[in-house]
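First chain A sits with chain B, and in the next complex the same chain sits with chain C.
Let's turn to the complex of A and B:
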C-alpha cells in the first residue's frame, strides 16, 4: 500500500453521549430541544438553571444539557463541562447586534481545556426570520475560521418550523461516532 | 521516573482540500481513512483529519466546504498549507469554468502561490467530461513539476474491497513526496505566514472583545455619553 498507511476509524462501543447546549439568552436553546422531543413550544420561559433531555437517535442515546444563557448565569456554564462529547452552540441568526458578543462567548468556550477537541455544531437558529444571517456571515462573526483543533459545522435551523434540527443532531451523532472528533488532536 | 525515549523530530504537513461543492472532498478523505460507505453531506464548515504516515511525518488534511455560502472562508486557511488537493467533479463539464475560476483565485493568492498541488478529476465512473491533458493546460500546470492532474473515482473503495483507487493513493503519495522534497523551505514559509495570520486573528479577536465590553458598559451606564 506504499507510503499511505490507512488509519481505520475507531468506532465507539458505548451508545450514549453527553451533549452540552450553550449560547446567549434568547437564542432558542430550550425551544430547539422541546421541538426535537415534539413538545409544545408556545410558552417557554428563560432558563434559570438547566434542563436535561434524553433524545434517542437510531440506537444512540443523547443526554442533552440545556443551560440558561443569561449574562448573570454564564459564569456557571463551566460547572457542566466535564465528560462532554460534543458542544451545540445556538445562536439567534437575526440578532446582528449581539453577533460579536456571542462570538466572544464561544471563543472563551473553545479555550476551555475540558472542551478541547470536541466537535462543535453551530445551530444558526431563527432562519425563519427575514433578517437571518447566512453561513459565511456567521462564520465570520463568530471567528470560526480561527479554529484548527476540532471540526465545526454550521446548521441553518429554525426551532419554530423544525427546519434543520434533525440534520444537526445527525451531524453530531456522526462526529461522535467518528471517535475523538474525527482524528482531531487528542485532548492533551 | 522513566523517561520518554528520544524521538526523531516530527514533521507536520498540512494539506488543504479545496474544490466546488459536491466535487468529492469529504468522500475522498473518508476513502483515505478506509471507510467503506462514507455517508456524506455538504460540509458547511471545517474538518481536520490527522494521519500518522511514519514516526517522522504527520499529515493533517483540512476539509472545507465548497458551497457558495461557505467558500469565502477558504482564504483563511491558505497560509497553513504545505500543499493543495484540488478536487473537481470531472463528470460535470458545465461547472468546469467555475471550478477553474475558483482554482485560479485560490492559487494566485500570495499564501498559496507556488505550493505543490494535485488536481483530482473525480467521478470517472460517472463519465469524465474533462481530460487530464486539457485540465492541465487550462489550469496552466502542463510545465509545472510540482503540480499534477489525475483522474479517478474517489468513492471506488467499495468495489475494490475496501482499498482506495490506487490512482488516488498514488496522487496523494506523489503530493506528499513532493512536499517532503522541499519541506524545509516550505515549512519555513508556512511558519512565517502563520505568525502573520495568527497576529491578525488575535487582533481581530481583541477588537471584538473591546467592542462587546463597550456595549455592555454603555448598557450599564446609559447616562454617560
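Let's turn to the complex of A and C:
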C-alpha cells in the first residue's frame, strides 16, 4: 500500500488533486510521506523548502506538497494554499512543550480564507513513543471539537511503524471524492 | 536527479550534482534494463535556490528518436529564498503490450527538463538514457 494505490482510488472527475501537508518542524511530515512511498526513512534532512510528490495514474494527477515547518519558513506557507483539496496537519504527539504552539498554527490555518471549508486530517504522529499524548488528549487539548466549518478527522499514527497512515490517507481520499461529487464544496 | 523503482523505492540511477555546464552538455545515464519491468518508476529532482522565485515552473519532455512521447508541466509557484526543495514524480509503466525493448530504446531516449520563472528560462538539462 502506498500513495500510488490511493491514487487509483480517486475518482477522476478533476484532472488534478492537491494535498497540502503542514505542521511544525520535526512533526514527521517528510517521514510520513516517505513511509507511504516505502522509501528509506533513516536519513531524512529537515525540509528547508518544499518536497513534492506527484503521481500520475492514467490522466489523473495527485500532487502532495510537504512544506518545511521551521518558524522562519512558516510565513511562506500561505504561498502554497491555492487550489488545495485537502490539508493534512501533522503533530508530534510527544512534543508536549510545543503543543500550544502547534495548536496556534493550526488555528491560524483554519482561519485562512484560501483554505476555508477544506477538509483537514490531523495526524497525531509518533504514537510509538511512550511519552506520546493520545489522539483523544490532543483533540481535547486543541479543542478540535470547535471546528465546525469543515470536515475534520484526527488519526493516531506513527511514521516509524506505519500505524494509522493508511487509515488517515483513506479518509483524505474519501473526502476528496465527496468534494468531487459535489458534496462539501457545493454547500456554499 | 535520481530514478527508483516506485514499488520498492530501490535506487536505479543517480546523477551527481548539476553545475552550470549542464547548459551545454548532455548527461549520460546508464540504467539497469530491469527498470523497464518496474510497474512504476519514480524520478526525483532536488534543487536549491538562494533567491526567491515567484513563478517557478518546469517543463519536462521525454523524447524517443526525436519524437516527444511524454510531457509533464509542473507549476511550483513560489520558491522560498535559501531553500532546498524536491520534486518526485511517479510514472506508471505503459503496460507490457506497449513496452519497448531495451535494445530499441537504449541511447535513443532523452529526458529534457527546463526550469523557468514565468516565461524566463533559468536552466535546462538533457539526460540521455542507456540501458545495460
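Assume the second predicted complex is superposed on the first by the 158 of 188 C-alpha atoms of A that agree within 3 Å, B and C clash if a C-alpha of one lies under 4 Å from a C-alpha of the other, contacts with A are read in each partner's own complex, and residues count from 1 in each chain.
Convention: contacts are C-beta pairs under 8 Å (C-beta built on N, C-alpha and C of every residue); 3 or more make two chains touch, one makes a residue touch a chain.
Keep in mind it's a predicted model, so treat the numbers as computed, not measured.
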item	value
Chain B versus chain C as contact partner of A:70, first or second or both or neither	neither
Partner chain(s) touched by A:82 [first = chain B, second = chain C, both, neither]	second
Partner chain(s) touched by A:15 [first = chain B, second = chain C, both, neither]	neither
Comparing the two partners chain B and chain C, which touches a greater set of residues in chain A	B
Partner chain in contact with A:103 - chain B first, chain C second, else both or neither	first
Contacts of A:161 with chain B and chain C, given as first, second, both or neither	neither
Chain B and chain C footprints on chain A, overlapping residues	2-4
Chain A contact footprint on chain B (complex, rising order)	32-35, 39, 41, 43-53, 67, 69-73, 76-77, 80, 163-164, 169-170, 172-173, 176-177, 201, 204-205, 208-209, 211-212, 215
Chain B-facing residues of chain A, complex	1-9, 100-101, 103-104, 107, 122, 134-136, 139-140, 143-156, 167, 171, 174, 182-185
Partner chain C, residues of chain A touching it in the complex	2-4, 37-40, 45, 47-57, 68, 73, 76, 79-80, 82
Contact set on chain C toward chain A in their complex	4, 6-9, 40, 42, 49, 72, 74, 76-80, 82-92
